[in-house]
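One chain, chain A, appears in both complexes that follow, with chain B as partner in the first and chain C in the second.
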Partner chain A sequence: MLALLFILFAGLAIGCAVSMVVQRNPLYSAISLIGVFIALACLYVTLAAPFIAAVQVIVYAGAIMVLVVFVIMLLNVEDEERRPLRLRSLIPIAVMLAAALFAEAVFIIFFVQANPKTPAHTVSDIGMTSSIGGGLFTTYLLPFEITSILLLMAIVGAITLARTGGLLSPRAVVVPGAQVFAREMLDREKYIDDLTPVTTHSTEEAEKLLGLEHKDQSPKT
Partner chain B sequence: MEDLKHLGLLIIGMLIAFTVVMTMVAYTVLAERRVLGFIQGRLGPNRVGPGGLLQPLADLLKFIFKEDIVPDKSTRFVYFLAPIIATTAALMTMVVYPFGPEVNLPVLGAVRLVIARFDVALLYVLGVTSIGVYGIALAGWSSNNKYSLMGGLRAASQMISYELALGLGLIGVVLQSGTLDLYSIVEQQAGHLGISGWNLIWVQPLGFIIYLIAAIAETNRVPFDLPEAETELVAGFHTEYSAMKFALFFLAEYVNMFTVSMLATTLFLGGWNGPFVHQLPWLGVFYFLGKVCFFLFFYIWLRGTLPRFRFDQLMTFGWKYLVPAAIINIVLTATLQWLGVFDYFSQFLKTSTGWGG
Partner chain C sequence: MVPQLSWYLALSAVLFTIGVVGVMIKRNVISMFMCIELMLNAVNLTFVAFSSFFRDLSGQLFVFIVMTVAAAEAAVGLGIIIAVFRNRESLDVDDASSLKL
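Let's turn to the complex of A and B:
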């Protein structure tokens, strides 16, 4: 039963992975990648790690890939053209790397089969939420905190880059998709290179940002 | 033999839950139209069957026999995939909700009225819900229509934003009960007469409000229905969908409403708990569905009452008020838990007359 499920989901994962590389439309690639993540999550469940499976779906398939799909939709990317390969010298290196990876996999499989070890816990409570939480906050507290600080640095870096990139005024707040302008409004010459969505609080503010003037504005007193 | 019994129970449970939920969803649509009619001083559909009771059936027949129009320049595969994702993601969460306590069935013996009970049920619900975004976003993209695209983009950004507040709002309950298993969370809410143990009033009032607001936004209902704002976007992400494919989106929206109500009932209103449940276990099912119906009515009531948000208001509200409030709730709950205030309260409130106690 488990073997059947493994073959099903592993096949799905490999199929989606191949499709992700082969597809020319970026959105199809993204959908294939989501398929890979979901198939992997199913494999985690069969390996008695339900927490990792749930987190895999929530974080990768549910959050990161939504952002990727969002960006693809926002930029409305067309099909990539099939170009001839420019760097033909890379092909032998790629083949060698693939062979090395394959050799590693074969080695690990034979090594594990030669030295079978009984797992430390025969009853599999190791994938359960409480044991993972306990481990994170006791034994592995330092790596956990370091990872958190690393992520915080990434956030701060992103904000710094977004603020001083020179695309927007320092007071502008960038929120993905908060304000999507019609293409006709954006196709003015002076704004042709600035398509970053900007949060505005009123139509007047948006028009001011875009350099448009109200033609028949009633005088404000 | 034990495995076979388990499998049989699983299939029967899914069939019954599916039938009950689908029937209730169909009648929610009718109830929405009738209640909205009442709120707006008109009648609503009352011609098909006694009091309009056969209206869902008539609607279904109409959906089936309508012409199915596919836009010429749509991205075919994704266009067909989107409603499937939306409906599947909506229906998948149904299996983890505890519909009732342990009951005695004639042949099968003691059976818990929950289809699948596992360690990470709450995370499973959040994960499957977050997959549901793709249905709407991809529908908007593949229709090759600018209004659809706008609707899809709005849906994606709105759902990412409010998912955070939703998840953070639930952490209070998880801290409180120390488990992600929905069945145990419900069992812990048994109190005096099955009421005093509810998470809602006694321990998680802020979390409940945050969850309720974020859940409305997650299901794209008024006042957060910007992805299908008809005054600006024709019909939003499903502008180009017709016949049964539109019906699937429609179904997904109402099933989502239903599952979100079930989660609110399970986590905050004590699930099946209520007076006399420990004498008559079957009462639990009616309490559970009754509480869910209350939430559904609340949704309809809101729709008849509130106007729609503007998009920047929606984003400001989500990020600047709801998320900080949820974080405050987490810190507050953790501190009170650490100080042992909740234990004192629960000894005070949860007397030994609780279900199973």
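Let's turn to the complex of A and C:
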């Protein structure tokens, strides 16, 4: 029964993975990758790790893939075009190396004696949520805290990278009733990335600084 | 017939190899990114299989941390992808080669 499940989900995972690599449209690749994640979550359940399976579905198939699909949709990614292969002369060497690696793997699987003391697959509390929580907050407390700092750094990094280049520097002080421009806006050639604020106090002054002309020159009376 | 440990390890190796091949043959940044996620998942499968067969909790905790790192990587990586796209109007890795000698 377990073997049947393993074959089913392993086939699903490999099929989805191959389809992910073969697809030329990134959106179809993403959907295939979600298939791989789901299949792996099912395999985790057969390995008596229900918590990891749930986290796999929630974090990977949920959060990360939603983010990826969101970016694909946002950037309107087009299909990859087919390109000529480069370094064609290296293909025979690559095939030979791959054959050597495969032969090594087969040798290890079939000729190296397996550890006879491998415990049987029985029911235990390993993999239940309570044991994971216990381990996470006792033995592995330091890695847990380091991970939280890593997440904080990721948040800050993602915000810094993805925001539109801010108009003003963080030190800029906006004076009430004044119009503030970054220097970069006024002279793109000279002040690249210089976001020091320049203050003007009227619309006319601002237009002069920006080099704009009034299109509709209605005389003010 | 009960699945052996080696079955899971073989599946993990196959998935990892598919991920490596994907990183090598893909030209789109987002596709390469997804192939890296696939490799991380292949390693996770190895961890969970060992953890389950040797009745050791450490493997599953390590998977937990790998998932966190993958989430952080996704956030920062996609931020970088958006920044590159904004500058170069392209997601092709061959177009972003200014660091190449």
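What we mean here is this: the second predicted complex is superposed on the first by the 125 of 221 C-alpha atoms of A that agree within 3 Å, B and C clash if a C-alpha of one lies under 4 Å from a C-alpha of the other, contacts with A are read in each partner's own complex, and residues count from 1 in each chain.
Criterion: a residue touches a chain if its C-beta (ideal position, glycine included) is under 8 Å from a C-beta of that chain, and two chains touch if they have at least 3 such contacts.
Since we're looking at a predicted model, the values are computed, not measured.
A.B. asks: Is A:62 in contact with chain B, with chain C, with both, or with neither (first, second, both, neither)?
C.D. replies: Only chain B; A:62 stays clear of chain C.
A.B. asks: Does the superposition put A:75 against chain B (first), chain C (second), both, or neither?
C.D. replies: second
A.B. asks: Who touches more of chain A, chain B or chain C?
C.D. replies: Counted on chain A, the partner with more touching residues turns out to be C.
A.B. asks: Is A:31 touching anything from chain B or chain C once the two structures are fitted on A? First, second, both or neither.
C.D. replies: first
A.B. asks: Looking at the overlay, does A:129 come into contact with chain B only (first), chain C only (second), both, or neither?
C.D. replies: In the superposed model, A:129 contacts chain B only, not chain C.
A.B. asks: Which partner does A:42 contact after superposing on A: first (chain B), second (chain C), both, neither?
C.D. replies: Touch partners of A:42: none, neither chain B nor chain C.
A.B. asks: May I ask you to decide whether A:50 touches chain B, chain C, both, or neither, giving the answer as first, second, both or neither?
C.D. replies: It touches chain B, and chain C stays clear.
A.B. asks: Which residues form the common part of the chain A surface touched by chain B and by chain C?
C.D. replies: In chain A, positions 51, 55, 63, 67, 74 sit in both the chain B and chain C interfaces.
A.B. asks: Name, in rising order, each residue of chain C that touches chain A in their complex.
C.D. replies: 1-3, 5-8, 10-11, 13-15, 18-19, 21-22, 25-28, 30-31, 33-35, 37-38, 41, 44-45, 48-49, 51-58, 60-61, 63-65, 67-76, 78-83, 85, 91
A.B. asks: Looking at the complex, which residues from chain B come into contact with chain A?
C.D. replies: 75, 77-78, 81, 118-120, 123-124, 126-131, 133-134, 137-138, 140-141, 149-150, 152-154, 156-157, 159-160, 163, 179-180, 311-312, 315, 319
A.B. asks: Within the complex, which stretch of chain A touches chain B?
C.D. replies: 25, 27-28, 31, 34, 38, 41, 50-51, 53-55, 57-58, 61-63, 66-67, 69-70, 73-74, 76, 128-130, 175-180, 199-201
A.B. asks: Once bound in the complex, which stretches of chain A touch chain C?
C.D. replies: By the definition above, chain A touches chain C via 2-3, 6, 10, 13-14, 17-18, 20-21, 26, 29-30, 33, 36-37, 40, 43-44, 46-49, 51-52, 55-56, 59-60, 63-64, 67-68, 71-72, 74-75, 77, 80, 83, 105, 109, 114, 118-119, 121, 124, 126-127, 131-132, 135-136, 140, 143-144, 147, 150-151, 153-155, 157-162.
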